[in-house]
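Please go over the structures that come below.
There are two complexes below, and they share chain A, which is joined by chain B in the first and by chain C in the second.
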Partner chain A sequence: MTGWRNNFLRALAERAVSAEMGDELLREADLEAAERGLPPEQIFGPATAYADQLARALRVPSGSPLALAEQSSPALRLNGISKRYGRRQVLNDVTLEVRHGESVAVVGANGSGKSTLLKVCAGTVKPDAGTVERTEHVGYVPQSGGTAEFLTATEHFELFAAARQNSRRRGRATGERLAASLGWSPSSEHTAGQLSGGTRQKLNVVLGELSGPDLLLLDEPYQGFDHGSYIDLWTQIDRWREKGTGVLIVTHMLGDLDRVDRIIELDSPED
Partner chain B sequence: MQMIAIARATSRGLVRRRSALLLLTVLPLAFYLARRDVTHSAIVVLALGLGWAAAMLSLFSTVNALELDHRLRVAGFSARSILLGRILAISSMGLALMVGYLVLAVVDQDVTRLGGVALMMLCALLVGVPLGITVGLVLKRELEGALALIILLATQFMTDPERPVAHWLPLWSVRGVADWALDLKDRTFLVDGLAHAGATLALLSLVIAGFSALRLRIHRYRPLTSSWSD
Partner chain C sequence: MVQESKRLWLHGLLEVCVLGLLEERRDYGLALANRLEDAGLGSVPGGTMYPALLRLETAGLVRSVREPSTTGPPRKYFEVTVEGRSVLAQRRHEWREFSRSIDAVLGLEAHT
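Up next is the complex of A and B:
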């Protein structure tokens, strides 16, 4: 098998396309290449890029336009949150609300307290002032860490399933399905420490949503993602909204802010 | 269920760190071989080495998992399940190691009270595991934790067990039980050793409970009911 064909099949498998479907797509590509009398790379371009395009087209589309969540109840409500580390005021009187089925982006300069705000929402950091009201069932995707270096993706799914007393089998099945929606087919051989940065981040996202939380807290979840995975993530965020999950996402990618319902901008840090 | 899930994940993670496990296995063995020609010393340092290895394993497991533990707490795990699961996994591995070293002591040395030697090792293990977790929770960093354990346990090795200050060190129970098990002294020494192990374990449990409440805390929030209709 030529390098292009081999790369094509491998890239499809990595994007959770079944072997049968991969073979069929390769046959179609071969057929078209034969008809035109050209090598496939000249017709379709790089194998990985073409496979990525096809894999995304095969996944469930994001669907109909999203309904606004005006009538739904709040999943998170922050009132007057302030936080100071030593002399530095990180958060100053932040008030916000995220409703079920609504996505809200948090933007701001470096050091403006975006990650701290998410930690306050999750409950791992205590605010100096203000109140947090939230639904109990929360999925938290931290910017870094949050996975075990020496466990495989499947073992992570089994572990996180126990948080809500779900069986290991259910955890595995749910994790693999969610991974496929991000274009990733987890390997049972590689531990998290052996995964690329982008794939490890996909694991991070899947673990956040594994138990079907009512509120998802995402801290720049796309770090290390390629373009296709980045688009998949936004499609996934749309799906969560449709299901009624409230989504609070910290982001630097200002170009995609039209995809969220509301934007909260945090004040720049004090000098 | 949560505790078992943590124990399983911890064991899997530890088993994959083969070189680290090998080195921790060698640690008591190296101590033993250095004193092999003196039965009493050889078995005492073997047990102390086992406690040291268990403490190191617990320290690194605790510090490495702190970020993951926060996330597991948010996901719904209780702090108690996380800690007990980790203790269960490390203690099980320590027990397997202990059995191996017990066989070594019986085969290679002239041991009269086998049960006493087992008790020495059990004391080392039962104190070593929570000691490592305590240092991990208090200091939160690997290097600082490793240095603290070296200070504590090297002092334990160097201090004359007859001196009053030795009684304040965490693994003194091993030496107390050794007096009964190896030097065939009266039961008072055994009782003193076990009492020391029990008191140390109780103290470490209290510190673990306090610091885990601090380190693995989910801060209070007002609950909102989850309701959603299309």
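Up next is the complex of A and C:
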């Protein structure tokens, strides 16, 4: 097998394309190469890049424009939230609402309290003033941490499913399906500690949505993602929205703010 | 026209162009690339054409059949589905409006 064909199959498998489909795609590439009498790299370019395009074409149902969130009930409501660490005022009177089926981005300079705000929403940080009302079923994807070094991805799926009184088998199946939509096929051999930063973040995203939450809180969830995975994540956010999940995402990728329904800008910290 | 701008413009339009060609008649990948080139849209590499066809197929706008060819290996032919036709009709309408607006902005309005 030439390098190109081997790289192609490997890259497809890594992107969670089934072996059956991979063989089919390779057969087609071979036929095409035979028809033109050219080596595949001259027709399709580098195997990994081509495989990445095809894998994405297989899982992104392109087309239908997004329906804007209709007037729906709020999944999260913050009113007059303030938080101070020592003498430093981190959040000052922040009010926001995220409705079901709506995506809202939180932007702001470094130190403007974006992560603190998300922790307040998740309930892991108590504000000094203000009220938080949220739906019962919340998924939280922290910026780092959140996974156990010595457990495999599958064990995480089972553990998180068990915490919601779901069967381990269902947790495993759902986790693997969600991972595939991010172009990731978890290996049963590697523990979370052995995963690359980007893959560990994918695990975090999958865990956040595993039990189908009504509200998903994402703190710059794409660190270490390659470009294709980054695009997949935004597609995924659109899908959550369509299902009626409220999405609050902390982001510094300002070029993609047209993908969300609303933007909340936090004030820069006072010196 | 400069190749680079042509490539950039076609980027967002390749799928709808392919749908248009396939509505006229069913075809296979290489022939579609040739028809686009003949239409003056430049050459579309296989690494761009096949993912586009696969996206259309995943979205259910085209379907494919493998058929033996008289001149060589079997070919995969693509044809538009009913849903593909209705999407194409909608895109045609949108394009007419959009291109009219661009023409106006660029001072290319038809003097009729």
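Here is the rule we use: the second predicted complex is superposed on the first by the 267 of 271 C-alpha atoms of A that agree within 3 Å, B and C clash if a C-alpha of one lies under 4 Å from a C-alpha of the other, contacts with A are read in each partner's own complex, and residues count from 1 in each chain.
By definition in this document, a residue touches a chain if its C-beta (ideal position, glycine included) is under 8 Å from a C-beta of that chain, and two chains touch if they have at least 3 such contacts.
Just so you know, these numbers come straight off a predicted model, no measurement behind them.
Aligning the two structures on chain A places chain B and chain C next to each other without any clash.
In the superposition on chain A, contact of A:Gly244 is made with chain B only, not with chain C.
Looking at the shared chain after the overlay, A:Asp214 reaches chain B, while chain C stays out of its contact range. Judged by the touch definition given at the top, the superposed model places A:Glu28 against chain C, while chain B stays out of reach.
Look at A:Leu54: by the touch rule set out above, it reaches chain C but stays clear of chain B. Of the two partner chains placed around the shared chain by superposition, chain C is the only one that A:Phe44 touches, whereas chain B remains out of contact. Once the two structures are superposed, chain B and chain C can be ranked by residues of chain A touched, with B on top. Rounded to the nearest 10, the angle at the Cα centre of chain A between chain B and chain C in the chain-A superposition is 160°. Between chain B and chain C, the shortest distance over C-alpha atoms in the superposed arrangement works out to 22 Å. No residue of chain A is contacted both by chain B in one complex and by chain C in the other. Put simply, chain C touches chain A in their complex at residues 15, 29-30, 45-47, 50-52, 54-56, 58-61, 72-76, 87. Chain A makes touch with chain B in their complex at residues 67, 71-77, 100-101, 120, 122-127, 131-140, 142, 145-151, 155, 158-165, 168, 191, 207, 211, 214, 243-244.
On chain A, the positions that touch chain C within their shared complex are 28, 31-32, 34-36, 43-45, 49-50, 53-54, 56-63.
Those residues of chain B whose C-beta lies close enough to touch chain A in the complex are 1-2, 4-6, 8-9, 12-14, 16-17, 64-65, 67-68, 70-77, 217-230.
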